[in-house]
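Dropping the structures in below, format is structure tokens.
Look for subunit A in each of the two complexes below; its partner is subunit B in the first and subunit C in the second.
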Partner chain A sequence: MRFLAGALAWLESRSGLGAFIKPLMSHHVPRSATWWYVFGSATLMFFVIQVVTGVCLGTMYAPSAAEAWQSLRYIDKEVPAGWMIRALHGWSSNAMVVMMAIHMLQVFLHASYKYPRELNWITGVCLLLVVLALAFTGQVMRWDQDAYWGLGIGASITDRIPVFGSQIRDLLLGGPIIGGETLNRFYALHVFILPGAAIALVGLHMALIMRHGISEMPRPGAPVRPASYKKEYEERMARDGVPFHPDASQRDMIFCGVCLIALVVVAAIYGPFGPGGEPDPTLIDTNPRPDYPFMWLFGAVSLLPPASETFVMLVTPGVIVLALFLVPFLGNAGERAPSRRPVMVLAAAFAVIAIASLTWEGLASRWSPVMNGWSALPTPAQFVRGRTPLEMQGAVVFQFAQCRNCHALGGSGGQRGPALDDVATRFTPEQLTRQVQQGGGNMPAYGKNLSRAQMDAIVGFLSTLTPSYETPAAIPGAMLPLPISSAEPAPR
Partner chain B sequence: MTPLFSALSSVIARRWLASVALLVSGVACDRLPGAPSSSSAPPRGSPQWTLATFDTHCRGCHSMADEGASIPLMDRSYWTFASDAHVIDATTNGQGGLMPAFLDENGGPFTADEIAALARGMRTQWGGSVAGSIAATYTAGNAVAGGLVFAQSCGSCHGPTGTAGSLLDPSYLRLVSDQGLWASTLAGRKALGMPAWNEPMPGRPSGLTPGEAADVVSWIASQRPGGRGGAP
Partner chain C sequence: MSEGPGHTGCEGCGCTGGGSSGNRRAARRGFMFKLGGGLMGVGALLSALPVIGFVLGPVRRTQKNQWVALGALAKFPPGATRFATYMNPIQQPTDGESIKTACWVRCISEGKYQVFAINCAHLGCPVRWFEQSKLFLCPCHGGAYYEDGSRAAGPPPRGLFEYEWKVEQGALLIDAGRLPGMEDST
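And then the complex of A and B:
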């Protein structure tokens, strides 16, 4: 026991580790800093999990275009608990982005970025960008169809940058196309450059927290006055503050523990992300989509009118990032309480609602046709019952012409165009003929692809699509065959 | 140790912690719901493969008895007369009309082996054996005699003024090949009210004979505008 104490004393005298850590643990934080202040710590915990699981994966992952996909299958299937490491890494990355957003929202709503903590906010914004870059490069590591097409979209966005676009693209991809070198470049970014930058920024962020202390809970009528703030803050801390450990750290630990348990449960239930199909550019029968942190961007870009694409894709991210950097300089003094800053609260609410609804749009991706709808989704029973032979053939033409890929019947099918369950209540047969022939409203024209008989049949079928269709009563003599030219060849 | 901390640690029993540790430690790992399934794609010809292939490529038109617009294959009636050779030929080359060719050489998604495996798999799934009482491939009969059969039996529902919709609509006849008329006549669509060829129907309590079936299809085909009567 005495030997142990001696050894510790020796270590302390030579390294000064204890003298370094002690003020970190015992420095005073505001008594008012309660459960609102746990989100930054949780973000840091998820980052540590990312580093640990990432190093584990680094020992098994093969960063070469030929072997990456296979090595992920190997980790999933052969390595004991390998899939769990991948699941933790994937879900923890999403959790980190979410926790970071919540932390940022809290800091924004409480105006903790005001004097003297402007640099805390700026390093935080830099961390946000690095973490998003880690998320994007991490998706590339999966090297599956999503990764391949995600990269393709990223590269073609880069390509739109004026003047230097193609050079930047070549630098990122290691050439004009996605090839063997591409994965190596993104691997270097994902495991060396970006984590290095993140660790440095986290260190800076923490050093700034120590330098300026944790901000107090905002109170209406207690504005920040730069001239006297630091002096008053230090006086209040000396008089009324509590030590970080254990008063504040226990809340951090409890919240981090709950987050950790939730992470393990989610990883155990939902498992790792991908890898999806092999990254084969000849397979076009795929529905690639980005990971959750970029789903809102996917939704936004997909809903843009084509003419505005380049401008919005290149200018908007720059404007958003610039606005985030400028936040502490637009008002670094004055009231911090949300109740006294209605415009800022509205801005935050707008951002949250916009990102949430665009994410929802991206997840639903109603603009994507269901590519095998025509061959996989049968005409529902209520739409074949009581139909004439011609109308039944129309339903076959409806499948054959792949209408179903964009139009739903009975709740299944594409959502790019309107559902047609009751189209006959909106369109007369003449209007249906015109719409199918000439298209319009984002629908292609099918006039040249359908014979006259096929058009008759499909319009006949569509004309029966009403909520309670019944076979029309037969009128004697009314359904005699019409004379029709013999120009079209009959099938064999 | 603050009150909050000690209260919490007393709540969490050691045994509970140990079971969580066991869960995480990979001992039970491969039995968790998130573990990737170890089985890869089902082998060709297996029931799972047949169903998955059918659901992706065929079911849009050929579904169950009461749904889908074309002849239902998830129903026994078609399989009573369609031999494997006929199903393979129809899938390989298409069927005139709207049925496309599915062989890769003909622009389709399947190899010849896959088509054969699919035909056998579908029969195992829904078909059973071929009854053999009538040929699956259409051979023209006597159109004049067929006109009488149509007037006596089919026409009561499918005549120019029939309640089930006229079979003689020129657009319909243009879209359906003779073989298509033949298959529809033989299989019927019982769930939608149309009997199979050998089931009771108006004017024929014991159904059609094979000869009558060929005659009536010949007559219907002869009504197709453009002068193409009868034989394919």
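And then the complex of A and C:
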């Protein structure tokens, strides 16, 4: 025992580690810092999980375009607990992004970025960018079809940069194609450059927290006055602050513990992400989708009008990042309480709603045709029951000409164009003919691709699509269908 | 920035602040400092050159497009649009399967072809040909193109990218390599 104490004393006298750590644990934090303050710690915890599981994967992953995909399959299927390490790495990365977003939102709503903590915010924004870059490069590491075509999308966006676009694209891809050097480039970013930057920034972020202390919960009518803030804050901390450990750390520990258990449970149940299809670019029967953190971007690029697209894609990210950096300089003094900063609260609400709804749209991706809609989906019986042979022929042409890839019938089919269950209530046969022939409103023109007979048939069929088929729209030149004895109204 | 000779305010720095021997010492130290800075600068530049050259290497494009064969003309009958694959002539040792490349060949009539890149002109996803409706559809954001590659609907700002082609010894060849992009705009 005495020997141990002696050894510890020796270590302390030579290293000073204890003297370094003690203030980290015992520094005073505001009594008001309660559950709102746990999200930063949780982000850090998930980062640590990423480092540990990432190093584990690094011992098995083959960073080579020829072998990466196979090595992941090997980790998933052969290596003991390999799938679980991959699942932890994937889910923890999503969790880290979520925790970071909540932490950032809390800091923004409480205006904790105001004097003297401007740099805390700025290092935080840098961390946000690094973490998102880690998420994107991580998706590339899977080297499956999503990764390959996702890179293609990144390359195409870069390509649109004026003047040097294609050079920058080559720099990004490590050559004129998406190939071996592309993966290694992203590997270097994902395992060396970005984690290194993240560790350095986390260190800085923590040092700044120690330097300026944790901000108090905002109170209306207690504005930040830069001239006197520091002195007053220190007095308040000395008077009724509480030591970080254990008063605040216990909440961090409880929350992090719950998060950790949830992570393990989710990872065990849902397993690792991918790898998806083999990275063979000639297998084009694929449907590339980004990972969750980029779903909102996928939604945005899909919904942008083509005319403004390039400008928006290239300029908006820069504007958003610049705005984030400028946040503490737009007002670093004054009220912190959300109730006194309605504009900022609205801005935060707008950002949250925008990202949430774009993510929602991205997940639904109604703009994507259902590529096998025409061949795989049955025509619901109510749309062919009681039809004439011509109209039935129209139903066949409708299916055959891939209309179903973009138009739903009876709730199944593409959602790129409107559902056609009751199209005859909106279009007369003449209008239907025109629309099919000439397209328009984001629909291709089929005039050249359908024969006269096919056109008549398809219009005949579409003209029967009303909520109750008993009263079909009149078809000029065609006989009205005879009333059907047991005509029940077609369910919608 | 640098502590030049004869600097002032030198409490505790060791020089005697104006004495002749102090001046000499200060001068020598100033010289050493400049020498050190200069050597470091030259060294840094020399060692940075290969690093910069290495990192910027891909921009120099040492590998160029080449003519590659897509197969015998019989594979591409008049009036049809057919899927074709080839090995990208631009290769790196660790590419694996990623150099396998696909394209769409349309034979307008005997001896007249159009060869379209597989990559959607919007953001590069692989477009698929639908024979019955004579459309190319993109799975990503719903771009659509007509048989001749022109834009039909959706977000693409232009028609499909086309390869230059030629016929040699009964085979169809295309000028392939670089991932198609804005440079191919006409």
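Keep this in mind: the second predicted complex is superposed on the first by the 469 of 492 C-alpha atoms of A that agree within 3 Å, B and C clash if a C-alpha of one lies under 4 Å from a C-alpha of the other, contacts with A are read in each partner's own complex, and residues count from 1 in each chain.
Please note the rule applied: contacts are C-beta pairs under 8 Å (C-beta built on N, C-alpha and C of every residue); 3 or more make two chains touch, one makes a residue touch a chain.
Remember, it's a predicted structure, so these values are computed and weren't measured experimentally.
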Report for A:60: first if it touches subunit B alone, second if subunit C alone, otherwise both or neither.
neither
According to the stated criteria, A:445 is in contact with first (subunit B), second (subunit C), both, or neither; which is it?
second
Looking at the overlay, what does A:393 touch: subunit B (first), subunit C (second), both, or neither?
first
Would you check which partner chain A:76 touches, where first means subunit B only, second means subunit C only, and both and neither mean what they say?
first
Thinking of the overlay built on chain A, is A:404 touched by subunit B (first), by subunit C (second), by both, or by neither?
first
Which partner does A:457 reach: the first (subunit B), the second (subunit C), both, or neither?
first
Return first, second, both or neither, reflecting whether A:180 touches subunit B, subunit C, both chains, or no partner chain.
second
Let me test your reading of the model: by the given contact rule, A:344 touches which partner, first (subunit B), second (subunit C), both or neither?
neither
Touching both subunit C and subunit B, counted on subunit A across the two superposed complexes:
374, 400
Using the touch definition from the top, list the residues of subunit A that touch subunit C in their complex.
64-67, 69, 148-149, 152-153, 155-157, 159-160, 165-167, 169-171, 173-184, 278-282, 284-288, 301-302, 304, 306, 309-310, 367-369, 371, 374, 400-403, 405-406, 416, 439, 442-446, 448-449
List the residues on subunit A that touch subunit B in their complex, please.
76-77, 80-81, 83-84, 87, 246-247, 250, 254, 261, 264, 267-272, 372-381, 384-393, 395-400, 404, 451-454, 456-457, 460, 471, 474-482, 484, 486, 488-492
Can you check the complex and tell me which residues of subunit C touch subunit A?
55-56, 58-59, 61, 63, 85, 88, 90-102, 118-119, 122-128, 130, 132-135, 137-142, 144, 146-147, 152-157, 177-179, 181-183
Which residues of subunit B touch subunit A in their complex?
1-2, 4-5, 8, 20, 23-26, 29, 32-36, 38, 55-61, 63-64, 66-70, 96-98, 100, 158, 160-180, 192, 224-228, 232
